[in-house]
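The two complexes that follow have chain A in common; it is paired with chain B in the first and with chain C in the second.
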Partner chain A sequence: MSLPALLRAIVKRLVAALAVLSGAATLAFLTLQLIPGDPVAVMLGPGNAASPEIRAEITHEYGLDRSPAEQYLHYLGNLLGGNLGESYQLQRPVTDLIGDQLWPTVQLALFALLLAVTGAVALAAATAGRHPALRAAASLAELLAASTPAYWTGILLLTAFSFQLRIFPVAGAQDFASLVLPAVTLALSLAGVLAQVLREGLEAALAQPFVVTARARGLSDTAVRLRHALRHAAIPLVTLTGWLTGSLLGGAVLVETVFGRPGIGALTLQAATNKDIPLVIGLVLLSALVFVVLSTVIDLLYLVIDPRLRTR
Partner chain B sequence: MTTLTVAAPPRRRPRLRTAVRPAHVATAAVLTLIVLAAAFPGLFTSASPVDTDPVHALTAPGAAHWFGTDQLGRDIFARVLYGTRTSVWLGLGSTVLAVAAGSVLGLAAALGGRWTDQALMRLVDALLALPPILLGLLAVTILGPGTLNVMIAIAVAFSPGYARLVRAEALVVRTSGYVESATVLGLRRPLLVVRHIVPNALGPLLVLATVGFGSSLIAASGLSFLGLGPQPPSPEWGTMLSEGRNFLATAWWIGVFPGAAITFTALSVNVVGRRAQARFTRRTDG
Partner chain C sequence: MPVNRSRALVLAAAGSLFLGACSGAGDTDGAAAGATATPVSGGSLTYAVDTEPVSFDIHASPQDITGAIQRNVFDSLVHQDSKGEFHPWLATKWSASKDLKTYTFHLRDDVKFTDGTAFDAEAVKINFDRIVNKSTKSQYASSLLGPYTGTTVVDARTVEVHFSAPVASFLQAASTPYLGFYSPAAIKKYGSKLSAGGAAAVGTGPFEFTSYTKGQSVTLTRNPAYKWAPSTAAHTGPAYLDKLTIRFLSQDATRVGALTSGQVQVADPIPPADVKTVKANSQLQVLTTDAPGANYALVLNTTQKPLDDIRVRRAVLRGIDIDTAVKSVYFGVYKRAWGPISPTTPYYDKALENTWTYDPTLAAKSLDEAGWTGRDSDGYRTKSGKRLSIEWPLMPQEYIREQRDTLGQAIQADLKKLGIEIKRPRLDIGTYIAKVYGGQEGIADYSWARFDPDVLRLYFNSSSDPREGGQNATFYKDADLDKWTDQAQTTLDKNTRQDLYAKTQQRAIDLALEVPLYVRTAVVGVASDVHGLKTDPNTWANFYDTWIGK
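Coming up: the complex of A and B.
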């Protein structure tokens, strides 16, 4: 790939990324406008008998007395400066709140991702192109894993391993032991989907002529699968993994609720149920940012995995 | 004289295999049971889903109560059965709404000119950047909790995916030979859309909707599980699961059975969806 072409590709990607981010920001702003009721009343909490003067002061302080267009520009200006505003309910900057809760969720997501990808690769590499009965069993297991809601898996695992066998703690995020069950819960449905796609890709790759060549060179069957066929099946796997990682944030809402873990998911639920608009918007933007960064990384990964794409 | 040849609209290929497999029989049986339970829950049990019986509270599963009883002595088996209607309705209703909204968006983008297309697809991109559960949460924040609102929220969350598919299909069909010849023959645009574009984009849409029904059901029950759906005491699988979460140490059955109901429903629908998907890919590839 020539340098100007590469630059053009990068600029194109950045513009697309910015478009998605500003779209999400606008969407979040519109959501704010759609919420019924008076935001000042939400801020003050129920049953608060604040005088009209105080209400007017708060309204002015948050710029709620300006026109929607002015508010929108002001909001975009703040965003560009990295200012997400202050939570209505907790009276703290949104960036601080998100920063505090980010680590437990990142830990959970990364560990779940590691488990899911290793599990899927192992299952697919072991069963692709084997005996029909084995493949049918693997296929059923994958479909079952993909069809089981994470909140139910979590409850089953909690019942078995925390309440009956007492191996893992019931709630919290204090040590590694408390990370295992939530991560397995989140990983299971992910692994089901990944293994399905990967096995189909592997079977297509194993039917290619280069596999025969590799076997003829004396490579073992396992080596052919892992070193040659897997690379061909990896592109859809990477695409899907990236896409599913973005959705982990959604899964985290449920899994963190089931296991009583702190984190972004728990924060999102709290913000949504309390109508804490600045916090909700901050979390929406965080989610869109994760998505945009991931899709950019995936595009770059394609070039690493498939050298043929580099010459275009 | 030259002859003008025009590609005919794709036709369904005859089935490649007609063998009945045990998995399909099982799936059909489960789906029939689900439909029956949703329509006539009274067929399967004489117990009431809402009558309390404090004396027999937290009874383990047994002959008297197949799935046990909850903290108020209500029969879990009856509650799961009577919950079928609400839960399946939530999944079905939100899927239908999402497909309808997505189709309108997708058709408008494909046929409405460059700027409409750009504006609508940027909106769809922004929506697809957010996980469905988060979008659903956002929508429920605006609408407030409740059965109908969860249904709308899940429809909002899943419609961008359908919109993208319908747009892509409509673009392909629009430039195909038979649509061009219909245009040349002077067919009016609305009629063209209804008679040619929609029917040909329908196949892949139905396949996606079948798989999407499972996801919608799981997501909708997820919002109920978070306490945003149908409010207790009405029996609904997600709401029952969240009640069961508080009794895991003493009465596992309260949460386990409604969850199993969600899983088996989603699983049997997904089996059908995958089968349809496999057949459809064969058709479009071949």
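Coming up: the complex of A and C.
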């Protein structure tokens, strides 16, 4: 690829990313406007002793007495200046809050991803095209892993490894030991889905003529599976992994709650429940950004995995 | 307060609870706990709670959990014991003017904030003025100050607090952490950032607020200079614990598991379903205590048909088998309620007990008298072709606690037997607030924690409009109820107050303004090597006297 072509591609990506982000912010803003009820009343919750004067003060301070159009323009203006605003409820800058909560979730997501992909690849490579009974057993295990709610898996793992065996701490995000159980919980359901998809891809690849050719050249069965078939089957795996990773950000909320971990999931839940507009939009922007980055990474990975895509 | 995120989490008891020296010693009182073993200084303790504060600012937050945590960091002018009596704390003595519009406090002269600033009359003024300042956006403390007009600094050790109307409940208000004192230097430095807790939360209390990790924990460390505990405490000088960690474990299973596996030493609350298991564990003790304030109740809107008819309200009051419902939903852990306020609240009227037992026959007769004599094809009563139907909306699930939705099903079933239809549409929280607090629904359900009978004014005085931060969702205007609850605020005479508050409680039940359901009960699980754990009258665990044995 020539340099100007590369630059063009980069600019195109950036413009698309900006469009996605502003679209996400706008949609989030609109959705929040559609939620019924006075935003201050929702924020304060039922049975709050705040006097009408205090409610009026809050309404005014957050600009909620202005028209939605004005609020939107004001917000966009701040956003362009890189200011995500301040959380209504927590009274802290949204960027600080996200910054604080992001790292534990990233740790959790990455470690879970690592476990899930390793597990899925091992399981699928070992069972694809094997004895029907073995495949059926693996398939059942995957189905169970994929369909058990993370909440339930988490409680089971906690009961066994924390409450009974006392190997891992019950909760928190203070050290590596506290990361293991939540990551395994999250990884199990991911691995279930990924292994199913990967085995199907592997079996399709193993049925192709090049496999026979490779075997004829004297390669071992394992080498054929890992070096050749896996590569063919990897494209759907990568696509799906990317998509699942993006959803991990919010999807971690159950795991975070069960294990009492800080993180983006819990923050999102709190923000949405309390109609904390700046925080909700900040989080929506974050997750849009993650998806944009991930899809770029996936596109690049395609090129790495499949040489046919490189020649243009 | 009625909901999850509000002042809901009631930690323990109205009384001062002390844990005995070991599990065998059981629930002895403070003196005995001190006598059975010698307290040792040092060690750290982890305390698991189910709610995380939204704001740590004691002057702004309405949450129970904020008060519960900050009680260990902030002191009050006076201390209130479990019987409702007041004792010196930051104030050595005090007096109220005859009209109860001015309170004078004489302050200790040796108290320092943990940042080194001296606690004096000016600090009191700065803090009280901050509470009523609009920009503080106080959701609770300002209502405790009520008709506050200002504080006068008489000299460095004397302050006068002024009100535009009599406030008999002010000493109680002053004893809560919500009217606690930040270092004036911290207020100046951090301003609105006080809500973030951490280093900004500079008080005079036995613990310093060291750090806060959102979503995970709060760490408090001992204040080594502390020597101004109220005289009711079991010891003087600094607290025993080096460090107190508060963990936020919102899931019941996780919190209980953490306690039973010894990873936390105190867990609060223990859900009723788990109480038996925890009690059976020899390594653990359970503290069960009634919370003060208004009981969880069905508040009947007297301005909506058909509950505007007292005969229908009385039928609802007598037509629910509360004993059975409460016992089965809460495994016998919570007691059923007999009046608007709980037995631990000062001036509770015991005479109401067993006066309005379950009586479906009487309830049916009352409905007959009200003209609801027809029956439709679904078995519900009708009058002139209209079904006897009452709407009692459900909040979104995340706001519902203590399995109140399950209890609601039992109530629905009992009333169906009488021919009353209870409709429970699930509303989003915005619509719920607008309709329930706007007086458009038949029934509202909530409780309100406060160790003061003034909650009766909040519940039944017609000026306590829910549209303006009040809690009188009965919307009933009664000259007597207004007079009595107002008068009780103008006198400190115990006999007069007893009389006024007893009449109020009886009249509320007599008019069937609400159906009291259960007494909110705090259940705390504690490891048996934890000694001297106390709760203050506002029901919060106080770790000042707590120490860890072998």
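Throughout what follows, the second predicted complex is superposed on the first by the 260 of 312 C-alpha atoms of A that agree within 3 Å, B and C clash if a C-alpha of one lies under 4 Å from a C-alpha of the other, contacts with A are read in each partner's own complex, and residues count from 1 in each chain.
One rule holds in what follows: a contact is a pair of C-beta atoms (placed from the backbone, for glycine too) under 8 Å apart; a residue touches a chain by one contact, two chains touch by 3 or more.
Keep in mind that what you see is a predicted model, and the values were worked out from it rather than measured.
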- In the overlay, answer first, second, both or neither for which of chain B and chain C A:257 touches. both
- Query: When the two structures are overlaid on chain A, which partner does A:35 contact: first (chain B), second (chain C), both, or neither?
  - Reply: both
- Message: Contact-wise, after the overlay, does A:266 reach chain B, chain C, both or neither (first, second, both, neither)?
- Response: second
- Message: After the superposition on A, what does A:155 contact: first (chain B), second (chain C), both or neither?
- Response: both
- Message: Let me test your reading of the model: by the given contact rule, A:163 touches which partner, first (chain B), second (chain C), both or neither?
- Response: both
- Task: Return first, second, both or neither, reflecting whether A:92 touches chain B, chain C, both chains, or no partner chain.
- Result: second
- Task: Using the touch definition from the top, say if A:130 reaches chain B (first), chain C (second), both or neither.
- Result: neither
- Which of chain B and chain C A:101 touches, first, second, both or neither: second
- Message: Contacts for A:74 in the overlay, against chain B (first) and chain C (second): which applies, first, second, both or neither?
- Response: neither
- Message: Please report the chain A residues shared by its interface with chain B and its interface with chain C.
- Response: 35-36, 155, 158-159, 162-163, 257-258, 273, 275
- Item | Residue numbers on chain A that touch chain C, as the complex places them | 35-38, 41-42, 44-55, 57-58, 61, 89-92, 97, 100-101, 104, 155, 158-159, 162-164, 166, 169-174, 256-263, 266-267, 270, 273-275
- Message: Residue numbers of chain A touching chain B in their complex, please.
- Response: 19-20, 23-24, 26-27, 31, 34-36, 140, 143-144, 146-149, 151-152, 155-156, 158-159, 162-163, 246-251, 253-254, 257-258, 268-269, 272-273, 275, 280, 283-284, 287-288, 291-292
- Note on the structure: Listed in rising order, chain C residues that touch chain A in their complex are 1-3, 5-6, 54-55, 62, 134-135, 137-140, 142-143, 192-193, 195-196, 213-217, 247-251, 253-254, 257-258, 260-264, 395-396, 398-399, 428-434, 436-437, 446, 448, 468-469, 471
- Message: So in the complex, the part of chain B that touches chain A is made up of which residues?
- Response: 23, 122-123, 125-127, 129-134, 137-138, 140-142, 214, 218, 221-222, 225-228, 241, 244-245, 248-249, 252, 255-256, 259-260, 262-263, 266-267, 270-271, 274
